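Same chain, two partners: chain A is paired with chain B first, then with chain C.
== the complex of A and B ==
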């Protein structure tokens, strides 16, 4: 089985992000691998270890994206493609999906695994759009993958009314949930080996793609402005006798908050 | 001049941060409370290769450079100084002298089990009557047939409780002073070695600090490290590198306390505004940052010099002094920024305050570092 896994470099949202005049302040930002993509990498490496697979990772972004690829190498991915082109700076999910389509077509893959969303935009579009453009089956929010045979997987996904088990024919695309696995911590030896491995770097021109072909002339969606979330008001704390507090809270809820 | 980390260093830093966030940080309070690092955590750290960071690949290490190792100690110590010194004493004080002064056979015999954490390393120099005056040790050795026989007492042995591999220093004749001292690689489960318990102490409580009594301990001739009489030189060279590890530990402690103080100052409101809006607190944070940045520069510089195989004894003395004094000062102020909460265990800065002090003492007190620096200044 040949697996293509996608990874995005995102801002570390655990650190303070500041918005100034509608833009994110770039100074002092740190970047990490998108958390759901770490799950995608782990799922890929597990398939490789348990069933045998050839694993390739693709990451689109600036020169620092190589760090994401090397981290994935340290976790056990074998090949890495870095799409690095300044023209992609304003790309949206649709544009990315179109580039990934080309990567897929160049490689004869059986399976694509992506995170179910990126923790910076929380869109969750790219994987699903890619499956549509490739006209292959897509299962989203996947929590378990089992290989049935060379041409079929049994995957579990969390749906509206519980876990659904779906047989899916390959080639297919899966977007994984963070509950599918616990991504492994890279070992130091893996990091050392990752440093030595080659990364294939591609521009749009290398991929024979024009901005028109990836719907970026003009781009279909555009972020006009960022707004910092409003700071939540501190709550009220009540201590003392339970009956007294209950009466007080009920009174406040109906008279002050006017919710009951 | 280049102040940027290489891609390799960034990868190591991120790897270490992942390990710290998911395993070491959540365990830090218990590590202090229970006077030990949970054995499963030690196992995880070993399995991921953190005990063999800069041991070459042929001896089962990760083959990273010295600066990578320093980055690891710094990151780990931001969350837990006890775990920081576990890795640092093991690597700097046991793996390193074998790597630098060991024969090929010794490297093959000892480094793989140290690199994988099957054995934890330690350093047995200090004795009840010989601390700063390390040339004055009383543990003796005599040659007997195919072996050396060691007798004496060793104290304050970091990592001693793991009963792994120790670098033991002993003299054949005290009248010869430092020239009489030799170093030995000793498996601490050898018969005749009695462990005397773990010290109760102010800080780094998760780290073992044990004493040993050596009673006719037989050490094979092939486990003499370096030549006879070279022991003191080996000890000094070892500590030259080790001090950079202690500097990194101190730097990490200071950064951990600073990060918490900054976050707390932004969050805590008094008189209707965050503490961070009060100039008295702003200046504390500014002073913390000033000291941390200086400590960081000299620590990385000392590490860089060692990487380049250049003279680094004075820089490592300066790094250890500046970083340790930064750590004790920053952690003290961190409690002040936190007010009463800073005094409570849950907020962790009180532990960092207790942990910081040792960095001014071990691997040569700061007074001894100043002697080294002054000698260089006046030469």
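== the complex of A and C ==
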């Protein structure tokens, strides 16, 4: 089985993020591998270990994205493609999906695994749109993958009424939930080896893609501006005798907030 | 005037509240509001959908559509978009919507925006607002293509009973099942009586409740309040609470009037799912727990001691 896995470099959501004049303040931001993509990498490496697979990773982003690829190498991915092109800076999920389409077509992949969503966009569009453009079956929000045979997987996804068990023919695309696995911490040996491994770097021109072909001219959606959310203020916090403070809070819920 | 197609959110053959919110909001933007309803034995919902403010109803009603399938559902929505020539397609927030909407957008060479909290038309372009980066920022996004496909965050819009429409039913072709991805079975989650997304009060448990005994203790509070019963991811991962109870970035987004976080630390991924609540109450034994940064009322204490007192005190003020 040949697997293509996607990984995005995203801003670390645990840190403070400021908005000024409609833009995100870049100073002090740090970047990490998208959490759901760590799950995608782990799922891929598990398939490789348990069933045998050839693994390739693709990451579209600036030069720092190579760190994400090296991390994935250290976790057990074999090949890495870095699409580095400043023209992609304002790409939306559509644009990325169209570049991935080309990457997929250049290889001979049986399976694509993407994260359920990117932590910076919180979209969850790229994988599903990619499958649609490739006209291959897609299962999103996957929490378990089992290989039935060379041409079929049995996957579980969390749907609205419970866990759906789906048989899906290859080639297919899966987007994985964070509940699917616990991403491994790379061992030191893996980290050392990952530093030396080659990364294939491509521009849009290398991929023979024009901005029209990847829906960026015109771009389908534009972010006009960023806004700071209205932050909740910490309210009243009560410490002390449990009976006393609990009664006090219930009084406030009734008289002040008027919600019970 | 812009033509809006609302995709009805139907669970167990009943219409979810979100659909009515969407139709109400759509009517404030346009007189042309249609709805598409997909499922099995759902013809009975048509009067309610008309009453809510739609004048055209597309119906895909067949036992092949009993179980959710993203490709079949997308196929039905696509047919309705074409017939109605919709310029906007609105989904209510659910896992099914998240799986279907991007397909519909891709098929029309258009785009999709998820979890929007507002929508308007400026200079002929559809503009939406939505949170991103786990709710740390909001984005104002413009669509340059049509139809604009959106998924609306639960509770973003109010239901007003001001509009009513007429019945005008169009039956859609029932799509063939996509044999490349076939559902073998669904392991149903324990059905809670009160759906989280619709609930006016939500009580959620976190790792602090430890096990089933703790869950039962807090569930009694939820019962007293006729509240939806939610969970942090930690309790879902531990196998104690069902998947469909998870509140947060990977789970459900809830915006009730009152939210109780019991034994939940307040990780941003959890908070992203509940910070739209009007009033938040937190019970946590750690006075430094981040949940207190968003709680309107914080009780620092042992939940096993506090919850029974909460129940008693609430009963007292309610009588």
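Before moving on, here are some points about what is shown:
The working rule: the second predicted complex is superposed on the first by the 236 of 260 C-alpha atoms of A that agree within 3 Å, B and C clash if a C-alpha of one lies under 4 Å from a C-alpha of the other, contacts with A are read in each partner's own complex, and residues count from 1 in each chain.
In the analysis below, a residue touches a chain if its C-beta (ideal position, glycine included) is under 8 Å from a C-beta of that chain, and two chains touch if they have at least 3 such contacts.
What you are looking at is a predicted structure, and each value in this text was computed from that prediction instead of being measured.
Of the two partner chains placed by the overlay, only chain C lies in contact with A:159; chain B stays clear of it. In the superposed model, A:187 makes contact with chain B only, not with chain C.
Of the two partner chains placed around the shared chain by superposition, chain C is the only one that A:177 touches, whereas chain B remains out of contact.
With both structures placed on the common chain, the touch criterion links A:74 to chain B but leaves chain C unconnected. Of the two partner chains placed by superposition, only chain B is touched by A:66; chain C is not.
In the superposition on chain A, contact of A:224 is made with chain C only, not with chain B. Looking at the shared chain after the overlay, A:56 reaches neither chain B nor chain C.
Counting the residues of chain A that each partner touches, chain B and chain C differ, and the larger count belongs to C. By the touch criterion defined above, A:195 reaches chain B but does not reach chain C.
Comparing the two complexes, no residue of chain A contacts chain B in one case and chain C in the other. Taken in their complex, chain C has these residues touching chain A: 11-12, 67-68, 70-71, 94-96, 98-99, 102-103, 105-107, 109-115, 127, 129, 131-145, 178-189, 201, 225, 233, 236-237, 242-244, 249-250, 257-258, 268, 275, 278-281, 287, 292-302, 305-306, 309-310, 313-314, 316-318.
In the complex of the two chains, the chain A residues touching chain B come out as 32, 66-67, 70-71, 74, 185-189, 191-192, 194-195. On the chain B side of its complex with chain A, the touching residues are 7-8, 10-12, 14-15, 18-19, 22-23, 44, 47-50, 52-53, 57, 62-64.
Those residues of chain A that touch chain C in the complex are listed here as 11, 13-14, 17, 19, 24, 92-94, 97, 116, 119-125, 128-129, 132-133, 136-141, 154, 158-169, 172, 177-179, 215, 218-229, 232, 234-239, 242-243, 245-247, 249-254, 257, 259-260.
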